[in-house]
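Consider the two complexes below, in which chain A is the common component and chain B and chain C are the respective partners.
Entry: the complex of A and B
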């Protein structure tokens, strides 16, 4: 036993030296960007010594930002989901108080300077309508027994105030008909009257006003009760002052904010964005509509892409020149955050929508113009020798000309003329790429992977809320790279499929991933796409066409009617519908002319309720499996079962005895045969599934043993390959594969899991795991191998089975850059076989690269150039000196 | 008969199992919620350190934050068994399992994932005392003289050299010295093979030839002097 442990420790130490970082490598090829999320509430601290902003966001984050730069000073992340959703923030002199939660309200006071906790108290409630703070008391407005009841609590101690007081229930009639502002509740009643009543005192009369409206919203953070009433596109501002209701009509469609300027005067700030790159502000005195000139401005900035700005908080003061100056924190519908100085300009701008990335693609950059010219020259093979010679001369002349031109500065350098940043060209090792990210705000970003700089952004118009991925309940946006940067005469092309704004149909956005430019913008499709599959062959324009499968099961080809370069093999497509549990397989014939013949259903599988499909795992299309088998100790080969058509389907079903049962089905998507099934009892969320090469990993929380377990499966054909040349799902033998299985304990909780991928698949595989403690763990697959022997090791290099997986801190590749709230990990190969590029997204963005088998194809970073230079020069010098010495000696000998 | 009784058993069992979730459902509507308290020993008492440390319950289902004195509170959690972890980017703490039974009794124990029945009691309110700085990096190999000297290649070359040069000098025994000298003398007495053969074939001794060469060289040098 002891020897076994020692052996494992030794093996661990050997294997773990493979990954991990040296201290001087920190930050060399990785970067991390911290975000806070879409701002919900904010407050500006005007204290000269601090000069801070406090924000509470949709991501359940409370943070402090520097006014001057917008950098995060401190950040605290509350509970995930509705339990931690921040309902209000209340700044005091030394603390910032947040109220969060739904059924359990938690009140926490944070230190303004450092962000640590001062106090915390909590209370249980239900049916909460509104929460507001007045006079240092937290008012909890809730409905109970046909009454609107209000409880008050002392905000800092949680001591319950005077008795609960109530109002009649008809005061409140739905969130869309009512709004609460500054402790006053305004509601439309059936008779078409707007009633405003204060909820601060127990017995109050309601103020009434004849007004018809479709919608009523409160002006956020208003010091007096103020509402915006919309009635058929006409907006009116209703506010209460000195117990009188005042109405002011608003001319422009803009977002308003009220700021107390003097004791009896208020400033009405309005902001709007008529175009994506323009921001217009207006300021006036609320009471008498006097326009304040210094607060009216219009600013255009080409890099800006915003929609529907809204003032989150503001601070105004009087300058020396006796004009009114304001600082406003503006949040927009596309989830960006900016600080606007009035008069003046945008001081800084944060793209907080990057916290909601739903799809990522790393796209290769195009080659530089000079290289492209060379490639073009050699690419043309059918021309004769003379024409080749002429072309060579011509291209060299051109190269010479561009060289002269750049040296003399006559024209801009060739790469700058392409319109993007000058250094956006492919490097030798394919390490420089562009990260194309789609966010749920409908904004697309192109990010440089080497430094995290945003190169371009596009705000999509006419796009509704995203299709919900029924499998995991998250929004989905399928993105396909249809043409990569390798085709010189064409620019790369990427297609995004999204939901239309006004129907269930799909809209398509085709763009160039290098600069974000689109030829036709957002185009409407007359159907809803349920599955999009790329063809295995390119068309004559080097585009990988997509088969778009619509909801009536008829296929379409995009781009349509363009001839293909060769006849594609018959395509098999599967569709999984998690809502009704139906799985279907189709075959689609595509003609060489680019026409699609309708699809035929091949197979069908139904999972009946309450069984639910929760995850589908298929292999990465880019993945190559280098070795076909595994050499055993007796020198025989165990062949891998590599079925490119296999998909893994995870279903979860409630069970009377085992609470919930997790089932893994391995399905052949061509024939519809279930190859293998396995059941895990009492397994619950979080569940993650990965499928790569001939193995699968499935992590789940085991309710019985109360720990996270990772089940590992490996499929083998046996001692002989059943499909020796190409894999065939229909032909060949139908002998089920041998399944090796084993489970491991992970001492922690997983947020996301992903295998590394390299260009040729020679490099060994590692699994990247993001844990809830904020670490990104790199675990060699050898540790999760189901063939880890239980007894004495039979195979060379096999690590004996130990149930608990090691989590050494050296294999945490993000070191102390903690990654909280990870949504996903994206891995892509570089041109170097050893290196895999990793991008982690969630609340923070993190990029790094890993070399699972060490960088065997490039010189090590710590390669000592100095020593090798010194040694060679010494050798050269000594060789020369000794040669001279030898000849001298020979001469002397001759004299003897 | 045995078979029959067995069936009855199954029916009874399933009945019980069906009825259990119902009971759970009832208790869930008015479930009791409990607070978990504890303290964390801090490596240093700076306030920024407090802010970057959080306490996670079951991988973040509930969170607690540190107050100035290092104490924390995870409020309003239902009864059950939880793993409480201290999350800090630079330090590693050992997690603790907390069990709250339906009567509200607390029990803290050491986390043992493999043998979950093995109980190693810990104090409650929780105390996170053992911490160590996380070692994220490997240290680079540095070039040292000792590394070079103890290199196997160097050793194989240096040691025989030592054996040849130093060892004979270390020998003080006169008899062995004499023997050694005799050995070397013997070598000198032995005529060189190649010289013997050349003299045999050419007919004159090599020494005579050498002298001839010398005279030639002197002549030529004299000539060059004249030229100058």
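Entry: the complex of A and C
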């Protein structure tokens, strides 16, 4: 009983260290942006009472947007991956019906007003070619036994229709050569004929046309069967009207859309973007090619960066002045979504590519002009005494002026205002930074971290394509901040590694992370880079050079031939190849002159098939470890084993008895020695790995117990410090470290996991976990400590071992702002030791800051400055007054 | 007459004495007694006071040692927990003997004599004993930086001799 009480008290005392948020703090230093993803299907509802857009996206999201503003009214997220991929949407008067899934198609009806689910039914299918809706029936076109069969289902109930139509399958020859539009299938046959047949009725005539083409694409959402046939860069529009095939040639390469305007008249809308900042629209009557003047426009905006616009849906009407007006929803290749009014302009613009962030960096802002002037004053040493004095006076005058201006409220202090370029300066605590995000759509963004405003964007169109992550098949964008904002005479510099579009070589894209500008930023390298590692020393231009390893394992330096500021220490580079399981370590000689001599292979490790390397965990290069040991209850020290060269390699191998075996190897990247290995049986995806200080966390799904477990490891040197002054992986003692290990159960499923990081590493570490329920959990590392004692705690303050990790609602730092489909968490230190900046990306963007040991270095927000000022002034005044009174009294006494 | 002579009263004046008989001793004035002014008692008084001084200075010298049992008792009563009162007591235990040692010369300024050196030494030893006791108390309270953990914060992060980097092959 007593032990239970002690336990509760201890737990409570630990829980209090978790930062809860007060109600009035919500949204004060955090923001969240909701997105829907790249639009796949859409429909415009122009009903005056609703005025909404319905979209279905590549991220398996069904949402409703307001036509006027583009804000999300409701959003429903379907299953992740192919099970939830939306194949079709069908708007009805009161419902939006979606058809999703691959092998099991699920049909769901959503309320247009609030997105509530009205009905759901599912059916198993296979070999589905096309799905379309006609007359309230869902037509499922599939191939079976050399036939194209069509099943029909009642859309709302799922009742199967009477007959299954069949067609001979011989003329379906691939999705490139066939297209389905408005219930009609058009296919090229071998003889070079285009056959068009309706799939709605089994007995319709087949139309055919002599036409040669490379590709046929259906015009999406067309009310009549309409296709675009491409033949050696010449596009032709083929459409069926009144059972006759019509062909119309298109002049410009543009996206087309057909809208039923009057009973027998259709409008052909076309949109193109000859340049990144221009949108050209054209409108004509489909039947007689009459150009509608009011729909033709050309708009240029320097802030606009678009490529390959595509009309997703449109609505046209006749205005009072008897001209045709259209509203079109345009999606672009860079995954942005905009509403275009024709005639008119862009009403709103959404950057949906931010749902596909593949790499993030938070970059410090440069110092303000005044501070720069002061820094320059002290930096310039060769000038004479008088000029220095003048400069000093001048800069102080400037400081005084800004002080007055700030006090009088003429300009606001830089920390409060954001957005405008002049205010992009570093604040005192380093809390204001710029988020540089690379998206898989090939667009770079600079986002203000205080309010989430997009400051700049760059389209990587024509620069290069992304590398591919061989482990998960997603694009990867290695980005290195080569020069930060601390060097006054140089602008900051960030480099992105891309693959060339027309050869196997690598392209380096260099840009300024503060404004996105790139002057001569594209460098074509004559080789293919397989690994890039920054040097620990800067070169004379304050650039952190990169060692680039090409495919023949010879090293290069980028920027080349610039002397370094000091002799770099011995460099070791390891490369892991997940396709053949090879791990190699190289040593590289870098001379102070900026020349790289050669690379020698030092070690090699091979993981044989079917073992696959799935993750590598290395410590954050910015991380500092403040305490070199851990104090035990007898006041002795257990020294931490902090090997900066140690990396954790996770491998997964299928096993006959244990399904899959997860192995964690701790490897010294310099010597190639495997320090420690551990095996987890029946462990499977999702797997996340964290490596920080002297500990590791590995989360996996345990197939046996069917739950998420987190294995925690901690490495110690023992009671004696081996070498206090320097650490070397070679030539030192080979005493293996003591490994403490323990496993914990997480009552939930993880999407991402990341430790907090602070500037000096004094603040205790917390682990941020994004769960599938949309919570962002802040768990103190003390809960995941492998040294949590079993049984009675011997050490003071130690929490006894309990397998389940607590998930208190106070430690959910995103409170009611659920974060769905989290792809990653980025943490970076601020200049305040207590505070760590957190950016979570995925379907939603969320930014906040956390203080794991509370804000011990800042006064509280509700600190009463007024009272302290009043009290000190009163005390000062009263001290002077009483001093005078006392001296007067003493004088009088003396005269008596 | 002879009887009178022999009697030699205190208050009698003998004018009969002849010239030759003039005694060597002059007659003391009336009311004057030679005994009253005798030096013998004065000498004895002198030795008594110096004995007292020695006694007193020994008291002073032995004072710190006499405090030891009392200090031990206070230490026992204070306990080993770290809170304001035990800290104040331990502070007093340390500060007092240290202060006493610094003011050693002024304390023994008035005291002279053959034993002064010994007294000083004893006084010094006594204070040292008190300091040692106080330090022992600090030690048992865990206030002395005698463990490796107390110096942990001063250990710097070791410098890296080699740098490493890398990761998955870019493809």
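One rule holds in what follows: the second predicted complex is superposed on the first by the 806 of 896 C-alpha atoms of A that agree within 3 Å, B and C clash if a C-alpha of one lies under 4 Å from a C-alpha of the other, contacts with A are read in each partner's own complex, and residues count from 1 in each chain.
The definition used in the following text is that a contact is a pair of C-beta atoms (placed from the backbone, for glycine too) under 8 Å apart; a residue touches a chain by one contact, two chains touch by 3 or more.
Source: prediction; values computed, not measured.
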item	value
Which superposed partner A:529 touches (first chain B, second chain C, both, neither)	second
Contacts of A:707 with chain B and chain C, given as first, second, both or neither	first
Touching partner for A:730 - first (chain B), second (chain C), both, neither	second
First (chain B), second (chain C), both or neither touched by A:68	neither
Which superposed partner A:47 touches (first chain B, second chain C, both, neither)	neither
Partner chain(s) touched by A:772 [first = chain B, second = chain C, both, neither]	first
Which superposed partner A:453 touches (first chain B, second chain C, both, neither)	neither
Of chain C, residues touching chain A in the complex	142, 147-150, 152-153, 155-171
Chain B to chain A touching residues, read off their complex	14, 17-18, 21, 33, 47-48, 50-51, 54, 56, 58-63, 65-68, 72-73, 75-76, 81, 83, 85, 87, 89-90, 92, 111, 113-114, 116, 134-141, 143, 217
Touching residues on chain A, where the partner in the complex is chain C	467-471, 476, 478, 497, 529-536, 547, 568-579, 613, 616, 618, 624-629, 631-632, 635-637, 642, 644-645, 647, 669-670, 719, 721, 723-730
Of chain A, residues touching chain B in the complex	17, 20-26, 74, 76-80, 83-84, 104, 106, 108, 111, 113-122, 124, 656-657, 686, 705-708, 745, 747-749, 772-774, 803-804, 809-810, 812, 815-818, 862, 864, 867, 894-895
